[in-house]
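Notes for the one structure printed next.
In order of appearance the chains are A, B, C, D and E, and numbering begins at 1 in each one.
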Amino acid sequence: MSNTRQADAVSAWRAPILFLILVALFVAEGSFRNALFSGSWNTALAILNMGLISAVMALGVNMQWGYAGLFNAGVVGFLALGGLAPVLVSTAPVQGAWEAGGPRVLLALAVGLGTLALAAQVWKRMSGLLRVPALIAVLVLGFVLYRWLFDPAVMAIEANNSAAAGNIGGLGWPVLLSWPVGALFAAAAAWGVGKVALGLRSDYLAIATLGIGEIIVAIMRNEEWLSRGVKNFSGIPRPVPYELDLQGNPDFVARAAEWGLSPALASGIWVKLLYAGLFGAVLLALILLAELALKSPWGRMMRAIRDNETAAEAMGKNVTRRHLQIFVIGSGVIGLAGAMMVTLDGLLSPNSFNPLRYTFLIWVMVIVGGSGNNWGAALGAILIWFLWIKAEVWGPEFMRLVTGPIPEGALRDHLLGSAPHMRFIALGLVLLLMLRFAPRGLVPEK
Amino acid sequence: MAEPYLSATAMRGGYGKADILNNCTLTVDGGQIAVIVGPNGAGKSTAMKAVFGMLNLREGKVTLAGEDITHLTPQERVRKGMGFVPQTHNIFPTMTVEENLEMGAYIREDDFRDTMAQVYDLFPAVADKRKQYAGELSGGQRQQVAVGRALMTKPSLLMLDEPTAGVSPIVMDELFDRIIEVARTGISILMVEQNARQALEIADIGYVLVQGANRYTDTGQALLADPEVRRTFLGG
Amino acid sequence: MIQVHDLHKHFGGFCAVDGASLTIEQGSITGLIGPNGAGKSTLFNVIAGVLKPTAGRVTMAGEDITGLPPHELFHKGLLRTFQLAHEFSSMTVRENLMMVPGGQCGETLLNTWLRRGRIRQEERELRKKADEVLEFLTISHLTHEKAGNLSGGQKKLLELGRTMMVDARIVFLDEVGAGVNRTLLGTIGDAIVRLNKERGYTFCVIEHDMDFIGRLCDPVIVMAAGKVLAQGSADSIMKNEAVIEAYLGTGLKNKVAAEVAEEAAFGESHGAQPGLGAEAGRGGDGKPAGDI
Amino acid sequence: MDVLNALVAILNFVVIPAASYGAQLALGALGVTLIYGILRFSNFAHGDTMAFGAAMVILITWGLQAIGISLGPLPTALLALPFGIAVTALFTLGTDRAVYRFYRSKRSAPIILVMASVGVMFIMNGLTRLIIGVDEIRFDDGARFVITVQQFRAWTGLSEGLSLRVSQVLTLVVTALACWALFRFLNRSRAGKAMRAYSDNEDLALLSGIDPERVVRLTWIIATALAVTAGTLYGLDKSFKVFNYFQILLPIFAAAIVGGLGNPLGAVAGGFIVAFSEVAVTYPWRKIATYLGFQPDGLLQLLSTEYKFAVSFVILIVVLLFRPTGLFRGKSV
Amino acid sequence: EEIKMGISLGLTGPLESISPAMQKGAELAMKEVSDSGKLLDGSTVTPVVADNTCIDAAASVAAVTRLVTAEGVKGVMGGMCSGETIASLEQVGVPQGVVMISPSATSPALSTIDDKGFFFRTSPSDARQGDVMADIVLERGINSVAVTYTNNDYGKGLADSFADAYKAKGGTVTVVSAHDDGKADYSAEVAALAAAGGEALVVAGYADQGGSGIIQGSLDTGAFETFVLPDGMVNNVLAEKFGAQLETSFGQNPSAEGEGHDKFDTLAKEAGFDGTSAYAGESYDASALMLLAMQAAKSSDPKVYKDKVMEVANEPGEKIYPGELAKALELLAAGQDVDYVGATSVELIEPGESAGVYREVDFKGGKLNVVGFR
């Protein structure tokens, strides 16, 4: 039967008002000190910075899902790949690592990729009985050759000063350069993944990408030579000054005093403001480009493909190519966000890349914000991130409220002791409430 | 005059803000065949849905056998003896043909194998495919399954939204034949048709709907004979 | 124009198309009829690249197009409509039409950032064209409606409208008439004839409305059980015994019986007698007039 | 003799553990696949339904133990299971009413329901932690082993041992029964067919006189029963820990999908595929080779266990490439 | 003055089950000091707790930022896991000039980090434990072992350092393989370890995580009977869980020689929590150290008291055990030296981490028995 889904008319004022509310939340966080808000600009800006990065991630997911209906559940993998870039591009070279086996690793990787390419060709070109054996032969030979080249080189690199380094090292270039490189890493991986998996439908694509995300993270955890694996890589250079340098700079200290701020406080705020400027600029540029594309025939074509692939195909649109295109671009944006995030953290910790946090939370952001709408996705991202962080405080606070009337005793102690877990309940409730009152997202697609 | 078996009077309503139905009235007597015709988008399907309670009416009243059913849910109406074949999405695609028919007989407690045999008799083309998923059938075959499903209900009022769309002439004739036969057993039929000439021929009463309102109402023969109706609605 | 050589399409063990061979002449309006499940839509889908044939070959103007994907066929000038409407449901009716033409400048991502002016101009032209088509299909009041909200028949019209947005060489119409008002169908028929005459489109039309087929199509190909059963002019086909038996049938038995019993005295004019010509059986009076 | 030893080693370390793990996944996947098949969304709260249900069962088990009721060699938890199911089903029916029904009536896209289920997941997760805490809890009583390694060695005189736990046998049996029953129910019974009809075409189901709310309720109850059973058996086998139930969600989804969503047989097949690929692909064959008379240098391990999850996903992707909607041709929205 | 002290732990997340005891340990020390009324002329100490989730660096940074900039804490007892600790230290601790003492981040990477003197830890770097463990294993006459480690910086670092030391001393390592925490099943890992063989299995993991899963699987399938258990595994819970099945197993963890540890245990019992829970003692010590350093520096300013931390922790001076914080405050106020021993025999070596006294334990009779110290 015809679907009676109705496009509720959404007021044009909705988006601006919601953004104003968001600004108000951050201002409250920065300036009021009470049970709900911390009254610290440092905190507010710290949340904002990660919120902006989340918005970039959400934008990437929104491109894939909102524009083209591709269910990418491997966000965390592309994010991690992007995060690899700052380590490989901007950290200082490791003494002796390259000599230990750099060229050989590169050669091995080339052999590995070559094997895959050859296998693909064999599969495409050959037919008949020999096809499968030939494929297997190519793969096995390639794998053996690859391991033969790869293993000793990796051992040598990892043995090189393994407590402090053990990795191949970076190029020592400016860290900002690693952002586009991160995007490239993720995009390249997405190209390969897309070639293979994009034929799958909705949830099947989701689980395939989920798997790929897990695989990428597993590789980053276990391949120590790449970025020290689970041993974490810290001390990634920054594109902005260090707080301690600022605190040691008399000019800055004087300027801070003018504002009536202590040097530590002022330096924290200033550095975060600089980051916010960088991230905000990237975010706005991306939104601008995305909006231009979406409001043109290209966007119309993507929506058509999302609505009905068979018909779009019959109307001359190369659905496979378009899917690949948007998948690569979306993943590139996610990779960019990954590089930005690692730059902000100054740390690459592959163990922290878990799907709940970096895949599903991002999805929540997109859906709550309004999939298909760039502003919506960005809004959702910043808002959800704000709540995710504030739930840490609001959950226990709520618990204190609830347990107030309960008499002293074991039950009350138990409940108060479990207060941290209210974080989940609070977050879940907020999520459900938002979905309830704006089921198509806060700023839905027009 | 006794009240008609089904009477839907002065219906007004639609999907969103704008009304699709404007004071539309449809009545069918017991054992009668009523046919609704009209241009595309006139609100024929909407009127059917309204009669079946799948649309909120702003105004109007629906009675069945004298009982006011305006506020009943569709599944309650099914239990009151109404059967409906929608225009689109009228089969269960991942169930087999046989299961589709069984679902038609869902509310029946008695043995329905007879009815099923009759349906297969009527549509031999789908009888061959009883173990196949309905979603794999051709357009016309689906339509036959859809009508078959409604027949399985043994309704006292059968509502058909373009039952013959996409079926071959021979099956269409069979179908109309069967509809006449069904009507003779005292079952009322309300159907929308674009194969209007054939349909009006067998109709006891015909409605021409334009923009959600009754334009002409008369016996089928009279409508067929009206040159104005023929020209503007029946394709000459 | 299109030649189909011994085409087979199997679903599991079932042969939906079972060795069909046929030719669609350049410039013709070829009708394709046959009982439900004869394999007509499947044949269309194979030609249009949606399904891969199990065996057999399809050529278009001498060029082998077997198994080419639909989007490539589109660019070769082969268009088709779907039996079950495939609208882009969350887009407006106008957008549904505007997305059709291929090779739009604004479909390239880079251009959407760099060549705004060109795109704006192109869009203006497309919009005009789309509005003309909507006007023609009598659904211009729905220009801004979401296609998903259209009525069954309106969706069919939209389906047809899409094929009118570009210059096609051959158009496959899968039951455009089902669910479309007969008066409008007449108009559509005229349009098909006009496109055929003026622009030289070739048409292949699946339809169960024999009036429509009879008025438009020459030749008519009849399929049954996956094979070609007969081929010829509309008139000859409608007199073909095998076709009558498999497809056309002989009219309303019940009605006839009833009339014989109750209303014989009135001498019903359109009650077809068994064995009479199929045309008569299909409500022979009121053959469509050429003009509407 | 050595051949026998090799066989026993494989049985003990690969076949039996993988089979019981596979059955655990399968049981979870059955619930996921049912919700997907009928209500048409991926229920992320399923893992936490398992945890919540298991927590309920534990509480009731403690209660039973306190009043001195037990089941002999079988764990007391089995006795508590029906009550746990009942309590949890009430809860899930409540969430359906409070959360999902609204989106159904609005005909929201499945993804919205998925996100709502993420919200429910957070809440259930928090509740479970509130109620029973985050510590590891063991609640298996009764006999732990059907046969232990020492017993086996003593009986057979082989140098390799073999062990079989009660919980493993229980899980396998219950999974087989549940799969069979669910399959029969969906394909044969009237209510089951009504459920499938509803999932196919909601409006038409309405027109056939099927009460949609009843179908939905039934679906939740069955899915909850499956989830609680799965959660309890898993907890009996491994021990109960809230955090782990979220972790098991991913392999469960993988299992449901590789088998084909909406198909009970698929869920079971998927569970075993995931489990066996994890265990078998990373198994070092050296010991076996030694028994068979070879003296290999290395471990003869294809890939190290760090990559076990990755391996199972690679296999999953390969399966999907050849069968895009899973082994048993599942649904896709 | 009301002095606020931050506690940053993974109250939710993979280590959520050991966090509560750590939090209680830390709060115990603060309460003790606060109640004594002797800190900096009667200042009170208020703990402020933040949940750093243990694995999410961004969330951890946000949480610690809140502690420092909004709550204005004078020191942070935390972080918990190494990665998250590094991030919050580099992003917040150092730039904002706040002392952080981690009870449990044992990654060797933290030894070399540029902390400007603001970071300490009351647990030793894993590099040392590997060496000690290798000695113990060899002394028990076990010459070949399989090693499994939890796949993070702690496990990896410990396993590597153990394997290196063990091989250097003449042992054979049949396999070193990782296991992930919180996985649904460990059959694959157990199968691989069993196939590799060895007289014992070294489990460098966590007692309430994958570590116990591995042990469970090994016992059930008869793969190993003897387990070598480093600090993350030495725990009463483990003894309760496996009981007599651990008869032949042994291990070591950093711990005080008797007295301090026992005293802490008693204190914990009185306060209603398990003092033997992993890192509970270290948490107590971490908080105590900061407060004592304040007293020694006569200032609650972290930039000032950071230089006193090493002083109060090490000789010379009077030994201070748990429950004697009041005494220590008095001594310090009087300008005398103290040597804080605490619950875990704190002895800080450069660059501000515990030297690590290890107690050797075994599980004879299904109980955790201390058999010696090294």
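Basically, a residue touches a chain if its C-beta (ideal position, glycine included) is under 8 Å from a C-beta of that chain, and two chains touch if they have at least 3 such contacts.
Owing to the predicted nature of the structure, the values given are computational and were not obtained by experimental measurement.
Trainee: Taking contact as defined at the start, I'd like the list of chains shared as neighbours by chain D and chain E.
Mentor: Chains touching both chain D and chain E: A.
Trainee: Taking contacts as defined above, which has more of them, A-C or A-E?
Mentor: A-E
Trainee: Just give me the whole-number Å value for how far the CA centre of chain A lies from that of chain D.
Mentor: Centre-to-centre distance between chain A and chain D: 30 Å.
Trainee: Measuring centre to centre with CA averages, how many angstrom lie between chain B and chain E?
Mentor: 76
Trainee: Using Cα averages as centroids, what's the distance between chain B and chain C in whole Å?
Mentor: Centres of chain B and chain C (C-alpha means) sit 26 Å apart.
Trainee: Note the residues in chain C that touch 2 or more other chains, in rising order.
Mentor: Residue numbers touching two or more other chains: 149.
Trainee: For chain E, jot down the residues that touch at least 2 other chains.
Mentor: As it turns out, chain E has residues touching two or more other chains at 16, 151, 178.
Trainee: Of all the residues in chain A, which ones touch at least 2 other chains?
Mentor: Expected reply: 1-5, 221-222, 421, 423-424.
Trainee: Which residues, counting only chain D, touch chain B once they are in their complex?
Mentor: 190, 193-194, 196-197, 200-201, 203-212, 331
Trainee: For chain E, which residues count as touching chain A in their complex?
Mentor: Residues of chain E touching chain A: 11-12, 16, 20, 49-51, 55-59, 61-63, 65-66, 68-71, 82-84, 86-87, 90-91, 94-97, 107-109, 112-114, 116, 127, 151-153, 155-157, 160, 178.
Trainee: Considering the complex alone, what residue numbers of chain A touch chain E?
Mentor: 33, 38-43, 46-47, 50, 162-164, 221-222, 229-232, 234-235, 242-244, 247, 264-265, 267-268, 271, 341, 344-347, 349, 351-352, 354, 357, 388-389, 392-393, 417, 420-421, 423-424
Trainee: For chain D, which residues are in contact with chain E within the complex?
Mentor: So the residues of chain D touching chain E come out as 9, 12-14, 17-18, 21, 24-25, 129, 134-136, 138, 148-150, 161, 163, 165, 234, 238-239, 241, 243-244, 247-248, 251, 275, 278-279, 282-288, 299, 301, 304-306, 308-309.
Trainee: Using the touch definition from the top, list the residues of chain B that touch chain D in their complex.
Mentor: Its residues touching chain D are 52, 54, 73-75, 78-79, 83-84, 86, 89-95, 99, 102-104, 106-107, 149, 153.
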